[in-house]
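The letters A, B, C and D name the chains in turn, as written, and every chain counts its residues from 1.
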Amino acid sequence: MHRGRRYVLTLSCPDRVGIVARVAAFIADRGGWIVEASHHSDAENGRFFLRQEVRADSLTVSYDELVAAFGPIAEEFGMEWRITDTAVRKRVVLMVSKQEHCLYDLLSRWQSGELDVEIPCVVSNHETLRGVVEWHGIPFHHVPADPADKQPHFDEVSRVLADAKPDCIVLARYMQILPPEVCSAHPGKIVNIHHSFLPSFVGARPYHQAYARGVKLIGATCHYVTPELDAGPIIEQDVIRIDHSDQVDDYVRYGKDIEKTVLARGLRFHLDDRVLVHGNKTVVFS
Amino acid sequence: MHRGRRYVLTLSCPDRVGIVARVAAFIADRGGWIVEASHHSDAENGRFFLRQEVRADSLTVSYDELVAAFGPIAEEFGMEWRITDTAVRKRVVLMVSKQEHCLYDLLSRWQSGELDVEIPCVVSNHETLRGVVEWHGIPFHHVPADPADKQPHFDEVSRVLADAKPDCIVLARYMQILPPEVCSAHPGKIVNIHHSFLPSFVGARPYHQAYARGVKLIGATCHYVTPELDAGPIIEQDVIRIDHSDQVDDYVRYGKDIEKTVLARGLRFHLDDRVLVHGNKTVVFS
Amino acid sequence: MHRGRRYVLTLSCPDRVGIVARVAAFIADRGGWIVEASHHSDAENGRFFLRQEVRADSLTVSYDELVAAFGPIAEEFGMEWRITDTAVRKRVVLMVSKQEHCLYDLLSRWQSGELDVEIPCVVSNHETLRGVVEWHGIPFHHVPADPADKQPHFDEVSRVLADAKPDCIVLARYMQILPPEVCSAHPGKIVNIHHSFLPSFVGARPYHQAYARGVKLIGATCHYVTPELDAGPIIEQDVIRIDHSDQVDDYVRYGKDIEKTVLARGLRFHLDDRVLVHGNKTVVFS
Amino acid sequence: MHRGRRYVLTLSCPDRVGIVARVAAFIADRGGWIVEASHHSDAENGRFFLRQEVRADSLTVSYDELVAAFGPIAEEFGMEWRITDTAVRKRVVLMVSKQEHCLYDLLSRWQSGELDVEIPCVVSNHETLRGVVEWHGIPFHHVPADPADKQPHFDEVSRVLADAKPDCIVLARYMQILPPEVCSAHPGKIVNIHHSFLPSFVGARPYHQAYARGVKLIGATCHYVTPELDAGPIIEQDVIRIDHSDQVDDYVRYGKDIEKTVLARGLRFHLDDRVLVHGNKTVVFS
């Protein structure tokens, strides 16, 4: 990345006086130059959230030393925390079906370096998109799904995901509902794009539902996948205006534009460690 | 209005070849200069919708003659139709509770002439807003509502509305659910602003519901009131972005801005005869 | 297209009574089923604009007979007009430089059939994007540009364009200023995406200009190319919010999302014959 | 305010290691509970910006002691800084002309307590809006402006402003260009709403300019007033979509909605000490 190597500290803990002072002193004592800092106090839940980006080359200690030294502070304050290193590229598995708009969009960002990750493979229940994926030099796994018995599909998907060791799994219009065992094997790592402005129009054929209700805007929602369908923590949403002259296939067409944009934004927030989950809600330090 | 007097023809009917030709010939034969024309063919339902604005001074016939002459065409094509005269100011009753944002917004538009209507009265279950209404020279009816028995309130509201002979009743954050008998006494004339992006968050305290779900945008919906709560045909909607740092009272504050804008737009569409209802959906020739 | 073959009539002429009646009768007399109709009266310039989509299979005459029969009406009313046939796919040449975001976006739409055109070739002053273009089976012409003398580049571009016989030329971040002779050889056919909200920030490095001025939104503009730089008729625009934490490279990244969306929308309007140009302005029947 | 009394520290200074640590320790040592914290490092200019809200009741020292104790730190780091007390209501003078939309909008917010300020007076070059201002119990100063010689107007305006001792002066569609001596008497305190998306359409009749250029969105800009016309630091902007069917008077009508919203947002940012100016740009900790 053009901005140089940084270590990204994210944490949340019960709120109290002195957290920022303690963390900031910890960083400053090791020469750390903070290039971006975001804080949030959730008054309702009494919880504090923090994200700080520190220039790696400003620190007098190594990454491992930094992590080790922070442990006691984290323990004292009861923090959930992590420190990531922007020099370590994340591994992102893409799961797709037949529609190409989200895949092309992500591949375009990946080609340009904007999406600066490893893509160990693309997984799909159809062969449709093999060509463009392989042209980009990315392995493509076709895992057919038998509508009468999807378990073999999900078993194979589980094996492929286990092999890929992903930091993140993107359901880029994958169109299958992941069973609980797959969800729970990758907690907080599965990012989905749902083609409605949740909580409106959960489940199948949301554009048809929107058309039937006569709404004047349609939307898309990027969220973490949990076992409950379309009910996970929301990362990002957006909408687009439609009118009475639009039919369902127009909704689909407009919707693609908002889906790929919302997915790309939400995924970026996730990969930049800008999303902190608490309960079923997210803090997004965008 | 600066654009001169116009007659506005709106109609819907089963779609078939030749409707536009017939209507356009009817207008042209009487010298009518069409300043705005909108058509919509609903392929799914096989229904056609039309709205045309004709300069009154271009016509060789009077309003009454125009209406009389159009009758046979309407009958032939099975049209639901009306012709309104922009020189006849509509009568709009406002119903409010304690919150002033929508009321001030409408009064500002009324003072400037943008909202070019008669306001026979404002009705409220609270005294709060009497002063500013009466300062504008508009009668204010305080009709208290007893939470234990609201029927007397609604009976009195019904009487006030019957006296006012409104073309339109605006629920400008009135905060009471109108009983079916009031709804059915003014079909297609009651316009409400609901403070959520319907169909999400129907009913009470939608901002609290939105906060609990963790959405990233909140919205407002202007719709016709029908006996089923918050389920009437939608006229207009819009949204505004919020984030994790916003609490429910911030939602309320942001929400006011979107509520008054959406209500004003939806009301204008209604008053300009730009909204044609079919089933539970609207065609809005904006 | 899923909606069946249609003939699209677009016209503009001096406004007067009876135009719609005459056109509608012409269509109806030949059995024409109008599936979409849009009209606009420009009161300031006294000019009338019309677009009608007619189902081809509803007409009792052929395309050629329809065109021939309409000639006398057009002459009588002094119309600029055309009738296009949606069964004839348009030929669209893409011109690119090194950036892939607009190209990938258009290719994705083309793969899915949403962008239902012939792409005879992609032209570029760099080799960068050859691979993905050729993988899609589209010829790629690399025409190098010598900064010291660009005339040979433009001469070769002119030859390639002449061979391609394009109905439309899309400058998808081509980054070169076309000389007047190329512009005038393809009047009303060259569509550009400029990475600012015109008329702000004409010319080079608009994101740097926007950063220097401290605006709170950045935009993109899809417009027809005329010999005057970035001054042609605007087809479509949109904006995206940025804030003080964003640097120029963030503007570039956000900007790409809005550029590709605005270009795709503007191009679709153009290809669907929804854009009527009058002077330096457009009527867009979206 | 519902959130209790807070002290708001805002500062900017040359960026270096340890600023946050020092400030956070200073607050924590006095028991300060930080309810909101925002930081920004401007890499290009090497400048650091900070805003922190501290609960007054958490501090072991008084406001005066806090301010006095911070002085040495500010000096050491070369800070521009201030600490404001949310219990001290700011004094805001409104300047208007004949148009009521921004005034009504601000009065509505003031009535509801959302705009929690003193309004010592409203100043206008017309009598038009006296009634509604005085009904709200606010003094109204009519200061006529002679187009042939505006100096007496500005002299009287200067006297009124000097008497009012404003913390902020809002040009709520005041429509006069303040002379340099008025601007320089209230540096950083005069907030204007300009009815275009600056830097497009500086000066008079921006909607006419927008119409002539054929843009597809119109906007409004809230900015600080400096002697150079419409060139001061931008606080907030937004846009609204228009199309070919809209005439200049439609632009004016749509524009009012965006003007009042943008002004209200920008003013709130200013009054909450969320805007830090550096050169001709703003950092807005929204």
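Simple rule for what comes next: a residue touches a chain if its C-beta (ideal position, glycine included) is under 8 Å from a C-beta of that chain, and two chains touch if they have at least 3 such contacts.
Values in this document were obtained by computation on a predicted structure and should not be read as measured data.
Enquirer: Counting only C-alpha atoms to place each centre, which chain is farthest from chain C?
Expert: Max centre-to-centre separation from chain C belongs to D.
Enquirer: Same or different: at the chain C/chain D interface, is the fraction of residue numbers used by both copies above or below half?
Expert: Answer same: the two copies use largely identical residue numbers here.
Enquirer: Approximately how many whole Å separate the CA-defined centres of chain A and chain C?
Expert: Centres of chain A and chain C (C-alpha means) sit 35 Å apart.
Enquirer: Mind checking the centre-to-centre distance between chain A and chain B? Centres are C-alpha means, answer in whole Å.
Expert: A distance of 41 Å separates the two centres.
Enquirer: Where does chain B touch two or more other chains at once, residue-wise?
Expert: Residue numbers touching two or more other chains: 36, 43, 245.
Enquirer: Could you pull out which chain C residues touch chain A in their complex?
Expert: Residues of chain C touching chain A: 2, 36, 99-101, 104-105, 107-109, 111-112, 114, 131-132, 135, 245, 249, 253, 256-257, 261, 264.
Enquirer: Across the complex, what residues on chain D touch chain C?
Expert: 40, 42-44, 49, 197-201, 213-217, 219, 233-239, 243-245, 247, 280-284, 286
Enquirer: Name, in rising order, each residue of chain C that touches chain B in their complex.
Expert: 17-18, 20-22, 24-25, 27-29, 31-39, 41, 43, 58
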